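Here's a structure for you.
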Amino acid sequence: MFYREAGDFKTSYRDDGQTFPIRLDRWGYYAVLAVAFLVVPFVIDSYWANAVLVPLLIYAIAAIGLNILTGYAGQVSLGTGGFMAVGAYAVYKLMTAFPGVPIVIHIVLAGAITAMVGVLFGLPSLRIKGFYLAVATLAAQFFLVWLFNKVPWFYNYSASGQINAPERTMFGWAVTGPATTAPAKYLTCLVFAVVLAWIARNLTRGTLGRKWMAIRDMDIAAEIIGVNPLTAKLSAFAVSSFFVGIAGALLFSVYLGAAEASEAFGINKSFLILFMIIIGGLGSIFGSFAGAAFLVLLPVLLKNLLVAQLGWPTDLAAHIELMIVGALIIFFLIVEPHGLARLWALTKEKLRLWPFPH
Amino acid sequence: DLVVPNLSYRTGPYGANGTQYADGFNDYFTLLNERDGGIGGEKILTPECETAYNTEKGVECYEATKGDGALVYNPLSTGITYQLIPKVSADKIPLYTPGYGRTSAKNGKVFEWVFNAPANYWDGASVAIKYLLEQNGGDLNGKKIALVYHNSAYGKEPIRTLQELSKKHGFTLSELPVDPPGQEQKSQWLQIRRDKPDYVIMWGWGVMNQTAIQEAANIRFPMENMIGIWWSGSEVDVLPVGAAANGYKALTFHGVGMDYPVYEDMKKFVIEPGKASQGGPHVGSVLYSRGMYAAVVIAEAIRKAQELAGTSAITAAQLRDGFEALDITPERLTELGLPDFGPEVKMTCDNHGGSGMSRMQQWDAAAGKWTLISDFTEPDQEILAPLILEDSEAYAKEAGITPRC
Amino acid sequence: MQDGYITPDGRQIGPVLLDLKNITLRFGGVTAIKDISFDIREGEIRAIIGPNGAGKSSMLNVISGFYVPQEGEIWFKGYKRGPMKPYEVARLGMARTFQNIALFEGMSVLDNIMTGRLNMMKAPIWSQALWWGRAEREEVANREQVEKIIDFLEIQNIRKTPVGRLPYGLKKRVELARALAAEPRILLLDEPMAGMNVEEKEDMCRFILDVNDEFGTTIALIEHDMGVVMDLSDRVVVMDYGRKIGDGTPDEVRSNPEVIDAYLGVAHE
Amino acid sequence: MLDTAQDHETLLEVNNIEVIYNHVILVLKGVSLSVPKGGITALLGGNGAGKTTTLKAISNLLHSERGEVTKGSISYRGAPIQNMDPASLVKKGVIQVMEGRHCFEHLTIEENLLTGAYTRTDGGAAIRQDLEMVYTYFPRLKERRRSQAGYTSGGEQQMCAMGRALMSRPETILLDEPSMGLAPQLVEQIFEIVKAVNEGEGVTFLLAEQNTNIALRYAHYGYILESGRVVMDGPADALRENPDVKEFYLGMSDEGRKSFRDVRSYRRRKRWLA
Amino acid sequence: MEFLYASEVLVNGLMAGVMYSLVALGFVLIYKASGVFNYAQGVMALFAAMTLVGIMEGRVPFAHLLNAAFGLHADSFGWTVPAALAIALTALVMVGLAVAIEKLVLKHLVGQEPIILFMATIGLAWFLEGLGDVMWGADVKVLDVGLPQGISETVETATNNWFGYGFFVDRLDIWAAVIAAALVAALVGFSQYTKQGRAMRAVADDHQAALSVGISLQFIWIMVWSIAGFVALVAGIMWGTKSGVQFSLSLIALKALPVLMLGGFTSIPGAIVGGLIIGMGEKLFEYFVGPMVGGATENWFAYVLALLFLVFRPQGLFGERIIERV
């Protein structure tokens, strides 16, 4: 009843093209942002920051990145973990080589470096498609991790090959290193997530986004109507890797503080992020957040429920948690193959008709 | 109550190993609670949290449990340890990593909150070489030693030490990495078959161990010339290989089997009343014993801390003092019902790693058990000390730590 | 070749725009097109007809650069076209629709039509990322053009519908809209009226004629409805088994015995 | 030919069905049809009227497009078939030729035809024989029998889809736009085949067709759908004479067929239901 | 001598490749029959092997859960089952699993895009992994169905006589090669020359059209997943014998992927040829180049090798041509 677009007329094409054309949506969005920036930082504790919100935001960034590549441009990638590793190692090298430069610049540069690596590994996509490409991106995954493991220069010759994030500050606050407070971590990631989500939204609703979607939906037709597949695909790889690289850089420097390529950026990470975008919704920025939230929160919730509340043995709980998450994934796919974002959109569509059934 | 969280892993690729360790850890504290009413009158709680050997889950577990007044962490994962080192330093909670984790944490001047007695990886590497020296009348000149290692931070730990030792003793070292999980090791073992090294040292974990032992048996590499680090020397590693694994050797820094008086109490107070972790299927196994050993050291540190602080309800910071003043003598071990179970452990403000002693055990396939075949041996500190100093100082510089003590 | 040409019904038609010379196209053992030559003049409506499997669609694919013929030359606007990628051909001013609708199913009608204008939008990536400056201006300007086409084709009410949900006939219309959005010199239509009833065909004919009249767009048309072909086209090429069996005005073609034999079955009207 | 006046057993009965896609898009708003045994029934109507949806509702193929029948009932030979899976429906003798061909791309033309005979149990020889029959209907297919269907032309695929349905020796065929993309003489031929099969073997047809002209020439009875409702029905001959049908579906004005070039002003579609 | 060593590596690479192929075969079958890229194939192998061990050793399924829930101490029935019977029983369990998967998962996803189905199989993989552990416990299990292991002395003496250097070939690998050859022959016959095989390929192309000609997706899927379950059991037996039955067994799927990609997702012989090429390639690369770059190259090299092939043949060596038309 309250959810209406009637009476919400647009008088210019500019208004019509905005991100949230319906007023109610727009308000909701502003409210969420206000809470995220003005309320959460004051109430957050280190459990919520480290176990929930910071990983959620970082994974959301990675998911947006992968969503650009897979959801918008249709190139299935299983190399996300490897690209995150590039971001992490790039930021580590930059941080230790140029300690004076603000960390934010390092993080953005790490994204740029990852973008270049992404383009390199995107080249086969010009020939190889679909699942063949997905499997081919695994080559990037395994090769990159191997590289960071094998070449001591990347980990500054430390004995075990681990990298550790030294302390760096912004406006007098530590944002990396052990002294970082929960609000500082959270805000750093939040700013990146919001800005990047906004950029992703702009890119995907404009020319570049249409090129990507055209390639995704029917690459041959796209080429015949004038889309250059080379630039479209490679730009998708570049932008996507940029996002993923930043996520990797944040994951290492702000969230974990220490990392090792094969452990933190293994194949499981690639799958996890692919899960996020599919559960959340392919081709949807909102879905990237929803998917990340789902897969970060669900295990934590289940664990708390099964172990803390029901008092089950941890191993049994862990096995059953696997079963439940697996079953839920299947369940969600059956209910709505296009993810949480579509589920949300359909709910809204129904609300709009409400109280009429159709 | 005192809280000692058990960050365990009972699932995932290393679940089979993690389970046994976690059981030993739990059971010893259960024993103390049941028999003695805890330590100094305080019951010990060991809330368990599943990490699946995954660093992010490890962090989640750490955050979830640290609020409950956690006294010390023991995550049984080198990766998680690296993750937690900066965190425990900021939160001022001790981290106890016997036989794993960051080797240079031995330097207490830099790593105030991390303890890794009785032995670390480099100690292990050195003791293994020492053992081989002994076998060869003190001379390894011209011998060929191959290192088969888990291609990860953990597996790479001994390389530097072994390289230094090879310079000192004149053996040649060849390094053969195995990508985890490591079910396919044909290339590595064909290389060994071709190069015919005199000895193979193995730094594996999980399925890699048994595959390596199986492959060694397949190419008829003499088992007694193959030495595993302590993480490559448990029943799960040799049992699947069967009789062919007979004679395989591995390091250990604690005793094995149930021939210790403590098990009488264990049976009486824990196992028979049905209080054993998971019903006690692994009691007495190598990894179980190691979990128990970690619990013994922590319990002793708690006792020491209570003594120093004059209160039974100690804090994490007081426990650090307890660790730094810890001295587990052979007599004390006997008192605990564990005669000769481990080496003497003595930690100080600058030495968080103890003596570094470990010993050799050998698998007897027919009897289905490990037998100890050497005494506790000291590592070659001459080589190790500078390495540890170098690595820890580099870390201090990177992290901006001013050494203490 | 003369410049300018007058059709029998008195319409003035321009010089040769597209000239196909001795095209041969083979797929493994199948020869889809055998040594065919014909031209398309500026501003005319040129129909290509022939039985199923004659090679008509393949011909369009050759023109739009998707298939590369083994032999033959293609001249466009007086220049011989070298080997080109399809998207380069599109940029020369060719747009087309497809026999098996090739819309971007995941996008809305509006976005689909906007893809037709991609080559006119050249804002740099940073401008797009920030949605500021050139990108925004271009977006609005092109949107206005697209809205004109939407009005023209009377599809205002489905503007925001995902094309996957549209019925067949409307999809064809959206495809036409997308092709028109590119403002092509030459428009290639592959069975634009298949699956439509008479009334809808009339609408489509209207659109095609109007495009041709108003913008002077040259049109190449494949269609099986003889009524439409005979009424609309200025000249007709007839293909059969990859060969050209007729070329001329509708009336000439209609009375060509070989064409009647191979295709029409009966003399048409 | 079946005489429409004669009273015939109703084979397929669609009773006031409603179809919703994706739980929100209401497409059919109460469609009822009855298809007599041995007849050819035509389903006419413009783009988006709901012809395809009706046929898919009958053959139970809506499910995979996230559509469902929410009201009404469908019965075949008096027994409800709404919840039957499509495969059992084919075993019962109802087969559909889908809109847009849907050949199996990677199978050759011949393999495509053979999958049509999947449910048959009357032995290889009979199947061979029918294969030859299809090849005589569509000689073009015989030429291309070893090609992968994905690489054949649009019309060839349409023939393949038709042939595939014939191979199953059904009792009832639901044909969705059989003439689409076919050359004129083939269109005639397809309808001749329909007629021959109908008369020779008593196969019942329900066909959705845009080409109203030819459909009404061959059908016995017709339904006209618009926006998800049946707006008119009647014997084919009667429909052909109806002035509205003449104007909107047959493109005839009083002076007979007029040229497409002469339709100078867009005509607004007249709706039976406002 | 150097040449002989290299040949030994090559022979062993081929053998290792056969082991990968066994896993890849399961993928191919399901892909061929439903266009589904079944990520759960590795976990199915693990699950099958666990079940086999569980049955052979007479373990009580769900013992841990039951014990935790009802305070029981049930672990074992106290009997052992002979290998052949246990294998038959496990095959039955895999058929049951196929039925359950069809009923609970696939049926509801008819006509969805491949990536959605792929995702569902990952969900399935997680579920099965959890289920396997809850049912049979997460400990390392020893699997011994009587397959021989260790160096084949026949080959060693023979090669020693011929070349003066005894080759190492594992007897288990020889068995794997024999079994793989038999499987492939049977499966190729089935998919190319039978009606069900043709129906299976039709389903892979177009679910809706297959339904419309009366092919029962349900039947085809249950059939194919059962066969794939059986193939998984075979792979599980071989790999389980080689390195014990435990979690990591499911990760062999990652070794099968490059094989699949190289051979073509839709080709049964491709799975074998792909396996041979990958096995040989990665072992030779590790042997010649590995020592120069620090080793452990096999994982990525397998993928890079497959990638190189794909650049020239985007559908893999034997895969069906990817139809690109407008």
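The letters A, B, C, D and E name the chains in turn, as written, and every chain counts its residues from 1.
In this text, contacts are C-beta pairs under 8 Å (C-beta built on N, C-alpha and C of every residue); 3 or more make two chains touch, one makes a residue touch a chain.
Predicted model only: the values in this text are computed from it and were never measured.
Shared contact partners of subunit B and subunit C, listed by label: A, E.
Contact with subunit B and subunit D alike is made by A, E. When you average the Cα atoms of each chain and compare centres, the chain farthest from subunit A turns out to be D. Among the pairs A-E and D-E, the greater number of C-beta contacts is found at A-E.
Work out the mean CA point of subunit A and of subunit B, and you get 37 Å between them.
Measuring from the averaged C-alpha position of subunit C to that of subunit E gives a distance of 50 Å. Averaged C-alpha coordinates put the centre of subunit C at 29 Å from the centre of subunit D. Between subunit A and subunit C, the centres computed from C-alpha atoms are 42 Å apart. Counting only residues that touch two or more partner chains, subunit A has 146, 149, 220-221, 224, 313, 315, 319, 322.
Multi-chain contact residues, meaning those touching two or more other chains, occur in subunit B at positions 10-11, 15, 19, 151, 179, 278.
Residue positions 66, 98-100, 102 of subunit C each touch two or more of the other chains.
Contact between chains, per the stated criterion, is found for A-B, A-C, A-D, A-E, B-E, C-D, C-E, D-E. Residues of subunit C touching subunit A in their complex: 64-66, 85-87, 89-91, 95-96, 98, 102-107, 111, 114-116, 118-119, 121, 123, 125, 128-131, 135-136, 138-140, 143-144, 147, 178-179, 182. Contact residues on subunit E toward subunit A in their complex (touch as defined above): 37, 64-65, 68, 104-105, 108-109, 112-116, 118-120, 122-131, 133-134, 138, 254, 257-258, 260-261, 265, 293-294, 296-297, 299-300, 303-304, 306-307, 310-311, 314-316, 322, 324-326. Partner subunit E is touched in their complex by these residues of subunit D: 59, 61, 63-65, 85-91, 95-98, 102-107, 111-112, 114-116, 118-119, 148, 150-151, 164-165, 168.
Listed in rising order, the residues of subunit B touching subunit A in the complex are 8, 10-11, 15, 19, 48-50, 52, 54-57, 59-60, 63-64, 67, 78-79, 82-83, 85-87, 89-90, 102-104, 151-154, 156-157, 160, 179-180, 278, 387, 391, 394-395, 398-400.
Of all residues in subunit C, only 27, 30, 50-54, 57-58, 99-100, 154, 165-170, 191, 194-203, 205-206, 209, 224-228, 231-232, 263-266, 268 touch subunit D in the complex they form.
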